[in-house]
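We just call them A, B and C in the order they show up, numbering each chain from 1.
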Amino acid sequence: MHNISRRGFMGKAFGAVAGIGAVGSLVAMKKSWDPLPSVKAAGFTTLDMSIYKEGELITEKWRGKPIFVLKKTAEMIAKQTDKQKARDIVLGDAHFMVCIGLCTHLGCIPAYNPAEQGFLCACHGGMFDWSGEVTKVPPPRGFDIPPFKIDGNKMILGEVGPEYQKMKDSGVTL
Amino acid sequence: MKNKEPLILVIVVAFTLLTYWLVEPYAHSQMHKHVDSQNFAYADLPAITKTGNVENGKLLVTGAAACTGCHSIAKENLPAGMDAVTAAGAYGVNPPDLSEAGAVYDAKFLADLIKNPAHALKVEHKFDAAKGQMHPMASFAGAGGDLDQEVADMVAYMQSIAVKPSEVTPKMAFENACGRCHAVKYEKWTQIGEKPSFKLEKDSLTFDVKVLEYQEHLTKYMGKLPPDLSMYYRSRNEHFLSTFIENPQAHLEGTAMPRVGVTADAAHKVIEYLADSADTKRHERSSVGMNVIIFAVVFAIFALLWKKQVWRDLH
Amino acid sequence: MAHFTKATSVKDWLNQRMAIEKVEKVMASEYWIPKNINFLWAMGMVLAITFALLLVSGIFLLMYYQPHVNTAFDSVNFTIMREVDYGWLWRHVHGVAASVVFLVIYIHMFTGIYYGSYKKGREMIWISGMLLFVTFSAEAFSGYMLPWGQMSYWAGMVITNIFSLGDLHLDGLVEWIRGDYVPGQAFLNRFFMLHALLLPLAIMGLIGLHFAALRIPHVNNQDGEEIDFDVEAKKYLSGDKAGSKVIRFANDFMSKDLMVVGIFLIFFFYLVFFHYGFALDPVNFDPADPLKTPAHIYPEWYFLWSYEILRPFSVNIGLVAFGFAQVIFMLLPWLDRSPNAVPASRRGAFSVWFWVLLADMITLTAMGKLPPEGIFSTIGLVAALLFIALWVVLPFITKNEKKA
């Protein structure tokens, strides 16, 4: 009797040891599926917001997508409607439009016309104003805003900050 | 006992076909806009009423109308003023060589194009003279005589130098009508011509840079780079391609792609070119297919005979 | 140690070492199959043949396919389709077989439901079969990624997004699955691994399990008759082949299997050479473009019914409904409370249930592809609700079923 139960115990103990090994290897396997450091690093783009000039559109890149950055002029800030204000990104006393530069219709990249202070999508004629709000269909909504976090005069794209969370919750962006 | 197999087979086949019909023909008819072919009649363009005079047409094309200021006519040894990349920088796109224009394009279309390019090309939404948006090709307002007669003469001249319509090859039709905006990578075609095989890597890269420069100009002109058409024969169907070529606006309102005005025959040739690129082995597929089907039938017959023999003493 | 004698023939030599005669008896000549079955019972063999076609064509595609985001599309559409001699054949066979295999799986599945072939000791056959359905689905989806066309990319995007599980916002899980924020190189490479190695291995293992689960309970028959296989086998072996209710697997049943396979192959090759558009979606002949969403995104036809269960609801409810649809078939042997393992036609309310389920799933399939607008989205919603309702009422209608 004693021997049998002892043998049963050792069998179970052996199984437990083997199990620990299996779980350990599962951890390694899980880790190997993680995004690579290089991929992760490429997922966050830090923009130095102090270098932009008023009224000039600059196209940055984030996760393979074009990002429009436009520092608004004093005249633009003065005439902002509530809808346009909701999309406004403020760092200190500078106001910016930062958004994913893809037409929300079928993903073409609209062109900025500084004279008309607006975007025109050449594919199907959709138009957006200088705040990124849609002014002419077919696009269903204004430009999407990438997740961002404000850190001093820097903007980190890819991280979710309180300003972005607020925009997302209020439905300003998807 | 009654044999239920025929009934079961009917039920299985009926449900299969019903499902197929719903998810394929029916669903696609609901998803895509149907555009009817107008058989390349170009009914919106006025008919040519005058009989053209080739000699006078030649004088106009090379002289008063100043066509050759921008267009080359390789067949007549009239070279282009600038190379493709520079021309694209100046006009947005390289103006076509006119050697085969008379065979590839519809005569009515050519006549209207000479008089009012934006109208014939159906890009008036993009080039509105009233707003000062001029089409890079200048309208021909006449050389002093009867405008319609002069235009008819020019068309007649272009037809006289071109090959016979029956001699238009798929490659010729494609290069004339589509090839200055669309690349076809699988046929080595770029917007500035077929990429030769270079001995030196450096020469190859130089060529590529030229293509990129050309594409930059083209992108600016069209809003976005027109797509590579290598696989379009399979990603779109033949009816779509044909009606799209006939009138891009009918499918995509507001698109920057012009109506290219090819004849029905030339459109066929263009599609054949695209089929050669995207479905190169289609002829082999049908001939091998017939043989395989015949084999499968023979296989099934032998299987049936064997089954009958095995089951003879089971009943 | 076993005793070996000098072999009298190659067969004897093998027999001493591997008992091949015994194996042959167990697996073929004395593997007894009821005589009263129809051609629907040949679907297993049709599936085995289709799987073999997938395996062989896949091996040849593997020789030229390149799992890289820059070259995958061209390696398929240029190298395999244009350059490799008969490369187009392997690709068409592979693409069409991937679609047709699901048609046969569905026929096979509904045959099982109709004849009650998941009860009375046949539960493991049903479960292993459903596991095969799940792995085949994963195999089909991972394979669909490989040509790296527009549908590959966007289906990959949309389907992996499902794993964020709506308001749970498990974006980390989605990124873990993809190995990137958006489908990219890591994504393509790991789906290539899944498609060409891990999932085929799992499928082959499960096929073994499916066959093993079949051996003891034997296959069902079209009359729901309880057959004493030992008695009937004796009758057969004593020479009364016509009077016995059973037949040998080989060659008796196999000859019928292969006859059905023969007819199936005519249909199959017709599709491969002359009618392949349904399986090789035109949209996927556009190279993947992360900056451009196709006008309509829809899965292949065999996923449409479960996709449509996801679609008409708000995000969270849709996900719950979708999850329900994925597991519910697995529970069929326990949700069907009736002990009757007879054809549905003799089971009263269950018969109605069967045909309504079939019609509902075809409706869901159609609505899953049609644009979700107007009447189509209403029909889709009703059909999705009906699907759930059908499974909820199943235990109740089968509990009160009379003994057949």
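Everything that follows uses one rule, which is that a residue touches a chain if its C-beta (ideal position, glycine included) is under 8 Å from a C-beta of that chain, and two chains touch if they have at least 3 such contacts.
Since we're looking at a predicted model, the values are computed, not measured.
Undergrad: Comparing chain centres built from Cα atoms against the global Cα centre, which chain wins on proximity?
TA: Chain C is the most central one.
Undergrad: Applying the document's contact definition, name the chain pair with more C-beta pairs in contact, B-C or A-B.
TA: Most contacts of the two pairs: B-C.
Undergrad: Hey, how far is the Cα centre of subunit A from the one of subunit B, in Å?
TA: Each chain reduced to its C-alpha mean, subunit A and subunit B end up 40 Å apart.
Undergrad: Would you pick out the residues of subunit A that each touch at least 2 other chains?
TA: Only 108-109 qualify.
Undergrad: Scan subunit C for residues touching two or more other chains and write them down.
TA: In subunit C, residues 295 touch at least two other chains, as defined above.
Undergrad: For the complex, which residues does subunit B have touching subunit A?
TA: Residue list for subunit B touching subunit A: 125, 222-224, 252-256.
Undergrad: In their complex, what parts of subunit C are in touch with subunit B?
TA: My answer: residues 35-36, 38-40, 74, 77-78, 81-82, 88-89, 92, 103, 107, 222, 241-242, 247, 251-252, 255-256, 258-259, 261-263, 265-266, 268-270, 272-274, 277-278, 280, 282-287, 295-296, 301, 304, 358, 362, 365-366, 369-371, 376.
Undergrad: Name, in rising order, each residue of subunit A that touches subunit C in their complex.
TA: Subunit A reaches subunit C through residues 30, 33-36, 39, 43, 63-66, 102, 106-109, 158.
Undergrad: Under the definition above, what is the set of subunit A residues touching subunit B in their complex?
TA: The contact residues of subunit A facing subunit B are 108-109, 111, 121-125.
Undergrad: Would you mind writing out the residues of subunit C in touch with subunit A in their complex?
TA: Counting only subunit C, the residues touching subunit A are 175-182, 184, 186, 190, 289-293, 295.
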